[in-house]
Amino acid sequence: MKTGFIGLGRMGSAMAANLLKAGHDVTVFNRSPEKSRSLLELGAHQATSIAEACDGETVITMLADDAALTHVALTNEGIVGKLSKGAIHISMSTISVALSKELAQAHARAGQRFVAAPVFGRPEAAAAAKLFIVTAGDAAAVEACQPLLGAMGQKVFSIGTEPAAANLVKLSGNFLLASAIEALGEAIALVGKAGIDAHAYVDLLTSTIFPAPAYKTYGGLIADNKFQPANFSAPLGFKDIRLTLAAAESLRVPMPLGSLLHARFLRVLAHGGDNLDWAAIGGLATQDAREH
Amino acid sequence: MKTGFIGLGRMGSAMAANLLKAGHDVTVFNRSPEKSRSLLELGAHQATSIAEACDGETVITMLADDAALTHVALTNEGIVGKLSKGAIHISMSTISVALSKELAQAHARAGQRFVAAPVFGRPEAAAAAKLFIVTAGDAAAVEACQPLLGAMGQKVFSIGTEPAAANLVKLSGNFLLASAIEALGEAIALVGKAGIDAHAYVDLLTSTIFPAPAYKTYGGLIADNKFQPANFSAPLGFKDIRLTLAAAESLRVPMPLGSLLHARFLRVLAHGGDNLDWAAIGGLATQDAREH
Amino acid sequence: MKTGFIGLGRMGSAMAANLLKAGHDVTVFNRSPEKSRSLLELGAHQATSIAEACDGETVITMLADDAALTHVALTNEGIVGKLSKGAIHISMSTISVALSKELAQAHARAGQRFVAAPVFGRPEAAAAAKLFIVTAGDAAAVEACQPLLGAMGQKVFSIGTEPAAANLVKLSGNFLLASAIEALGEAIALVGKAGIDAHAYVDLLTSTIFPAPAYKTYGGLIADNKFQPANFSAPLGFKDIRLTLAAAESLRVPMPLGSLLHARFLRVLAHGGDNLDWAAIGGLATQDAREH
Amino acid sequence: MKTGFIGLGRMGSAMAANLLKAGHDVTVFNRSPEKSRSLLELGAHQATSIAEACDGETVITMLADDAALTHVALTNEGIVGKLSKGAIHISMSTISVALSKELAQAHARAGQRFVAAPVFGRPEAAAAAKLFIVTAGDAAAVEACQPLLGAMGQKVFSIGTEPAAANLVKLSGNFLLASAIEALGEAIALVGKAGIDAHAYVDLLTSTIFPAPAYKTYGGLIADNKFQPANFSAPLGFKDIRLTLAAAESLRVPMPLGSLLHARFLRVLAHGGDNLDWAAIGGLATQDAREH
């Protein structure tokens, strides 16, 4: 298929590369054009404006946050202004429920289609085309995107016709991951202070009650007490907890554990954690338990 | 091996049956003797006193709580008084770190050996000999218990020479499970109020970021909003959170998520939750979010 | 002094009346003009547009929230567009730190002055000219406002030259009040379930360790378990906790108790608490402790 | 009246001195007899055993914790064994609800009377006979104690016939104080990071919405960020929160703010806070907000 791809960070570059490898016709656009180089070698076309990335049947966005996507999609020279009628904007970024609703409306008014398709997976998973992709939107539109989504992920889940639902599921997933990090952090602080080896403990957990990669990855980082370099940074993690709580506010759903995580992330950030992995919240309990 | 087995609840009966099936010579004792019947058919001997259950190389206890084990082990006619020198008390109950330390000392003074071997797994896992067993104690003693432990579990983890360490690991594991329940409860309340199907959501989670049986089991119970009958009851879950926090107090380890869980369980119990599964704490968020 | 007054809710009407009684020349404006009647009898002039309320040396705003003040001050026909150079906008509403900063900049660009002067006190205190007023802004501007502020409050505190500081102090004060409500709610749930009379308990507290009107007022409401009619509504209380946490986010200050309050308010609102007094969060603990 | 007095710490010594100044006949007993010296100069008699302190109409205990009072009252040579029939044990220590109930039963079985009379007030208040005293017990017994209580406090509140109720009220009062400390700590962290002077802020609060000595005292300590020397130590504060939560557990009352305080105190104690004032929990928010 012919698609545009906007946003070539660590995730986006890997995803666009997989589209190219699968034979799709991809036109890439990024604020910093030097990020496109390796993709051009794989056969990508270079767009010099958002408009040029919008001349296919679809355009994919994979950007850092609401502000970036708003800028790319909703301003005068943005996607809503440039995409053809009937074409599809596939938004794969982790964004707020509110922005997803706003985009759905804006595209509808412009006669375009909007599919939300956020992903689960760290950059290595993106590179290996092993992402899990959650989609929502008009059924025909979602169906039309499958060739692209299938090239980037190991499994695609379609969960409804309201695009914002996919964004909410993605946010809630990050809330669950952060909860697991906090729980592991407290458990490791406890057994660690009792003299039990933290790595053996994590091995035990992940070969028994928690055979999930997340427990292995984050348990390992906490046991190492090593949160640099960041695979997924604390400010991005905090953003997702904030967006989860914002959605919970709109829906009036109290989330006391979500609230606890909010305070945990603020503490990591106050202490200069901008470059740490979001698993750093899992180091706080050990820090608090340690004798000074 | 010749062993006594004290405590024939749902877990204990299943474990003793597996010992018999594996050819061990088992003498069972229970406060309510009618619980022994099916085990006698499998070849068990019936003890009419704790003393009679203590005449082998080992005696296994699988009781509900500290009070029950204290009564069985530390009173005049109890295990410490009756077990032969050199014989081993294998304590498989989920008990406090403090009681485990007290038992280790009492057995040492009496010239006996003490191994803590708490288990992870619900009754079905016990029946299928699929328990995970965490042991700690003197290396030779732990080694001597392997034929028994191997008949009851799918895997045995040895994590040190201080028996109480195994009990702490077990408690921390239940803390992690309760944390996962609370997190799932909040996430399901959130997506549920947005109109997303809770079962589809749990399927998505457990086939992507949380491929762990615990997320499947508890996510399913919360999605069903059905917490009866209890496989593991709320009062037992609360007991384990209390014991976790008691251990954290002794070690001076702050556990804010543990504290949150403490308040959640008290709420379930205040509202008459004695017969509910401990997953009922995962129903509170939905209850709080529901319009009255 | 000649002043405009915009916003004639329960607080604003009482405050404007006190200005008139003190001899000031007050021009009132409100979206719903019928609210002006009693003030006109006291000698107020009726403005039919925001512009007409802006032709004095000062204009006072006392509005419900950020949205209302943004609409009144920052739109084309608003205060920033209409106020004379050198005149002062006295903002007495409880608003966000962010909006206060934005207003300060907008007024500065327009050659006008901006003083934040939020108040502590419920409507009865406003009627009795017993408000506590916290001001911040350019020293000369704050000084110029004293005749007006003195007519509305029993005491005026000047806390700096940056207007937003006064707004932050106000928000933090409401956070402290909500914290006291939550604490009283939990304490009353505890002693109440033990059979101690809640009113006698509140009397004891407020004649010993907490001789503060807030403990008397809120303790009484919680002891009565009666949260209607609202003197200060739950949605307004929630708004202030959200604004406090928003300021804490910008400043990177973790507030775990603030986070707990956030979840408490959401629960009251989810359960249809829009018309309840914000003290209703103090009823949750008793609700949770009550046997069903 | 003729009374014994057991427990001559900072509080007890000051209280016993006031009894002597009021003309009562006081026999003092303390583990470390040198603490009696100044009281002997005021006319006290020195007891060399608990029994000697038990030969009056009443005996007062003012001890550090449950363990100390259990030792003094419930062992073979203790108060229950030595007090005359009909005589009254006035327990003024801050102890658990459970111990209070146990003592009430033990004294009843021994034909003695038991009055709980815990106090609010720091050592200076004890010295000035300005304590607030909360009593509960048999009405005639409480009445009989009034001459003694009146000499030690500025006001006596009688709240029922079940002694343990007074202990619960006392514990709940300390929970409320700790809650105020936490709230002040978070508020001061917030306004402090915005550049507002913390002392001016506390002055503002305590001359407006919180005119209570506790807010003045603890606000001042937090603004100073100075928690040494301790007037009331962090371990004692933690003990009271633990006893509050223990009572809440028995009664099945969820106290999420109480749980948060539990984690806060553990953190202070983990970091070597044994010699700090309990107000040190109010310093944690500033610590968390500070850039490293």
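Letters A, B, C and D name the chains as they come in the text, with residue numbers starting at 1 for each one.
Quick note on the criterion: a residue touches a chain if its C-beta (ideal position, glycine included) is under 8 Å from a C-beta of that chain, and two chains touch if they have at least 3 such contacts.
Quick caveat, the model's predicted, so the values are computed rather than measured.
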Among all other chains, pick the one whose mean CA position is farthest from the mean CA position of subunit A. D
Distance from the mean Cα position of subunit C to that of subunit B, given in whole angstrom: 53
Subunit B and subunit D, separation of their C-alpha mean positions in angstrom: 39
Shared interface positions of subunit C, touching two or more other chains: 248, 252-256, 258, 260, 266-267, 270, 288-289
Graph class of chain-chain contacts, one of line, ring, star, complete, other: complete
For a test of understanding, state which residues of subunit B touch subunit C in their complex under the given definition. 256, 266-267, 270-272, 288-292
List of subunit A residues in touch with subunit B within their complex: 97, 120, 132, 134, 155, 157, 159-160, 162, 164-165, 168-169, 172-173, 175-177, 179-180, 182-184, 186-187, 189-191, 193-197, 200-201, 204-205, 207-215, 244, 247-248, 251-258, 260, 285, 288-289
Subunit A - residues contacting subunit C, complex: 242, 245, 248-249, 252-256, 258-260, 262-264, 266-267, 269-270
